[in-house]
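Same chain, two partners: subunit A is paired with subunit B first, then with subunit C.
And then the complex of A and B:
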């Protein structure tokens, strides 16, 4: 196991810079997820660490060693690919053992490690099968087994679950999590699925256009987004953002005013952010010393099973509320305007120019 | 339904007629191999097998004392050329399909461009080069210039592009393979169908090659089958029965090979046409 450090890492394809000054330190044994939309540079960053992509600028250290110029094999890392990348002409056993064979590990040791990995991943009955005779989940487990047997210092996962159906994805997620807890290997995991990121990661790195938008624990990312991009990228449905202005620690949205419980500097052009799941029809459902209220024009109501999805408009912006069906108020009776209540400690404010979060004054 | 049936019948007739035209020379080759020159040149020609096969073979072996050596030469040259083509075309195709390097597309376009040059244009220069190298009347004068071809490279590149995902190569690289072992342990086993197809095409091409040996082989012992049979057509009476007997012997290995692997040949030629 080893720590991983990226220092001012850059990647250019011709004139296009896809990774721009990427700095990150991953602790030994940590599970870090790179999360972002397509084209944000997350896979490229992973591939540079793997040695599959040349580095345009900057440095990568695994432990104390600078690995910029090392062959992928010399970096002692293992990677699980999105398409599994199993060798179709080899059996499961040969696939798992291939890396060990290439590095001239002794036969007995190969047998021992393959057996260990197969037992751990419940692949023992499948060892003599070819990949084409396996299901998606089984193939994924073989790919993980192939990575595991090499006892690498760092595990890399490049969107490993994106080819699986939703149900299998859930169970594989749990397997990856338990595998990491068992092995404790430093892991870097790339995904565009925020559920994967939130459930697996010790820390999430959110990327946008080649820059790091925020690094933090899943809880920090969700509850204290550093900017509008993170605020809207994390959470489904996405956070409501309404143009507002801040005056004397009051948020003014058109005719409506919210008195915040903490003090803020005045801001003429800002955005108020409220997560749909933080909104209630009934103020008694909120346990807080500061409850806010906004009146929203209803455009439509959808029943999603456990929640009602109220879509509306506030100050010209789309405003969505996820109301639990257990809420005492009968939401289906609501028409025209609706009053939505929320905990004022849970609202977010963003500077509309830079998009960065506005933090309350310290004193 | 009726319309469909009619069109199907029509298609069968057209295809059947075409097949008949294609097969007629083969049929007559086998028939004439069993007849004397007089029977062959009579009108109408014989349409069924005769009894002169052994006489024709005797004549053939007398007129061509190195006939079996010539058959061996044909086999040797065709096998070596096939092996070299499989090796070099697959390596070149792999490089062009999987590596990103400067001028890759230009190089590929240049290779493809060589297909536009009629092969006969290169015949005399090739013969001269072989002469300067002192390779005339040696098998390498035939298999070295034919060791790699644009068509083979193109076929391999297309097959590798469609059949081998880049991630597989990267996985092998991460598993500790060097570039040659990636080719040998991962790429080669996965392109066996293309090997089968290209192998057949090259083997048949070399087995039937007439012009190549004609310009570099002068010694009768070093002749390949097509050249040896051609040498029977002298200024006197051409022994058509013996020539047809020789041609029938020469075509038997091809017929066996094609029968055994026609499915693979067709699969290989259409591989990559539709993404699976």
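And then the complex of A and C:
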């Protein structure tokens, strides 16, 4: 196991800069997820660490060693690909053993390690099968087994669950998590699925257009988004953002005013952010010393089973409330306008110019 | 107007036939068959009939051009004659096998690494290079054979000129390469040289075709497999043997099958190079040439048909064997 350090890492494809100054230190044994929309540079960063992509600028260290010029096999990493990349003409056993065979590990040792990995991943009955005879989840486990047997210093996962159905994705997620807890290997995991990122990661790195938008624990990312991009990218339905003004620590949205419990500097053009899951129809459901209220025009109501989505408009912006069906108020009766209540400690404020979060005054 | 009156008027209106009635009409029913019939008629006349007629001919003796009633039924006598007595057929079969192996094996042994090289080394100019390798395949075999006949000419051929110049290189009055290269012009028409010469021409003509086949198969191998192998520590030559070659197996089956079929029916190159005679001691005469000469020079269509059916069985057996070795196994 080893720590991984990226220092001012850059990647250019011709004129296009895909990764623009990437700095990150991953602790030994840490599980870090690179999360972002398509084209943000997350896979490219992972591939540069794997040695499958040349580095345009910057440095990558695995442990104390600079690996920029090292061949992938010299980096002592193992990678699980999105397509699994299983060798179709080899059995499960041959697939798992391939890396060991290439690095001339003794036959007995290969047998031992394959058996160990197969037992751990419940692949023992499938060892003589070919990949085409396996289900998606089984293929995924073989790909993980192939990575595991090499006892690498760093595990790399490139969107490993994106080809699986939702149910299988959930169980494979749990398997990856428990595998990491068991092996404790430093892991870098790329995904565009925020649920994977939130459930698996010790820390999440959110990328946007080749830059790091925020690094933090899943809780930090969700509760204290550093900017509007992170605020809207994390959470489903996404955070409501309404144009507002900050005056004397009061948020003014059109005719409506919210008195904030903490003091803020005045800001003529900002955005108020409220997560749909923080909104209630009934103020008694909120345990807080500061409860805010906004009146929203209802556009429609969707029943999702456990919750209702109230779709509305506030000050010209889309505004969604995620209301539990167990709420005492009968939401289906709401028409025209609705009063939505929330804990004022849980609202977010963003500067509309830069998009960065506005923090309260410290004094 | 009464109900009866109005009912009487109905037939006048219904004279205009409905769509369903029109589709049921005789013309519509036959139209599809009419449209597809040209293929079936042509296939029956030029494909099926000759095929079946050749079976009939192979069981008869006599000049077919004299009319069918002049043909005599001889059972399997033509086949027995070919197996037991026709020494020229035996030698032509050996020649065919020799040429098939000598020109066929190098085609694939060279085409696979060549395709791998083109696949990995060329990016932008790949198509131009492939085009250059493919030109011999689309060039007339007659033209190719004539050009090579000229190149291998004993007195004026370029091949002899180059080989003898190398063989005659002198260092201190000694010819160090004389043991390997000829010092005098070689007569390529001699029995021991004619087959290698024909094999080289066939190899040269088809190596590009096989290269294109293998290259197209290589382009379908997922890039991920190579990346996974790279991370697993496989060097480029190991990737070739452990990833590329096994992935090429279906294409190998197809390409080798085409080579078997093509080489066992080899005709044009040996026919033109040997001037249609098969060369000295008939060393360059293939089974297909023997078939042609038996039918159109000797007029023995019965024996010639038997040759064609024996060739068919040999090709079928070899293709079956090829399928056993390289075909898909479930």
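The definition used in the following text is that the second predicted complex is superposed on the first by the 363 of 363 C-alpha atoms of A that agree within 3 Å, B and C clash if a C-alpha of one lies under 4 Å from a C-alpha of the other, contacts with A are read in each partner's own complex, and residues count from 1 in each chain.
One rule holds for everything that comes next: a contact is a pair of C-beta atoms (placed from the backbone, for glycine too) under 8 Å apart; a residue touches a chain by one contact, two chains touch by 3 or more.
The model shown is predicted, which means the values in this text are computed figures rather than measured ones.
Superposition note: with subunit A as the common reference, subunit B and subunit C are in steric clash.
Of the two partner chains placed by superposition, subunit B and subunit C are both touched by A:85. When both complexes are overlaid on chain A, the residue A:116 reaches neither subunit B nor subunit C.
Within the superposed three-chain model, A:268 lies out of touch with both subunit B and subunit C [touch as defined at top]. In the superposition on chain A, contact of A:303 is made with neither subunit B nor subunit C. Residues 50-52, 71-73, 77-79, 81-83, 85, 87-89, 98-99, 102-103, 146, 150 of subunit A touch subunit B in one complex and subunit C in the other. Of all residues in subunit A, those touching subunit C in their complex are 50-52, 71-73, 77-79, 81-83, 85, 87-89, 98-99, 102-103, 146, 150. Here subunit B touches subunit A in the complex through residues 165, 167-168, 170-177, 181, 186, 189-190, going by the rule given at the top.
By the touch criterion given at the top, residues 50-52, 71-73, 77-79, 81-83, 85, 87-89, 98-99, 102-103, 146, 150 of subunit A touch subunit B in their complex. Across the complex, subunit A is touched by residues 222, 224-225, 227-235, 238, 242-243, 246-247, 249 of subunit C.
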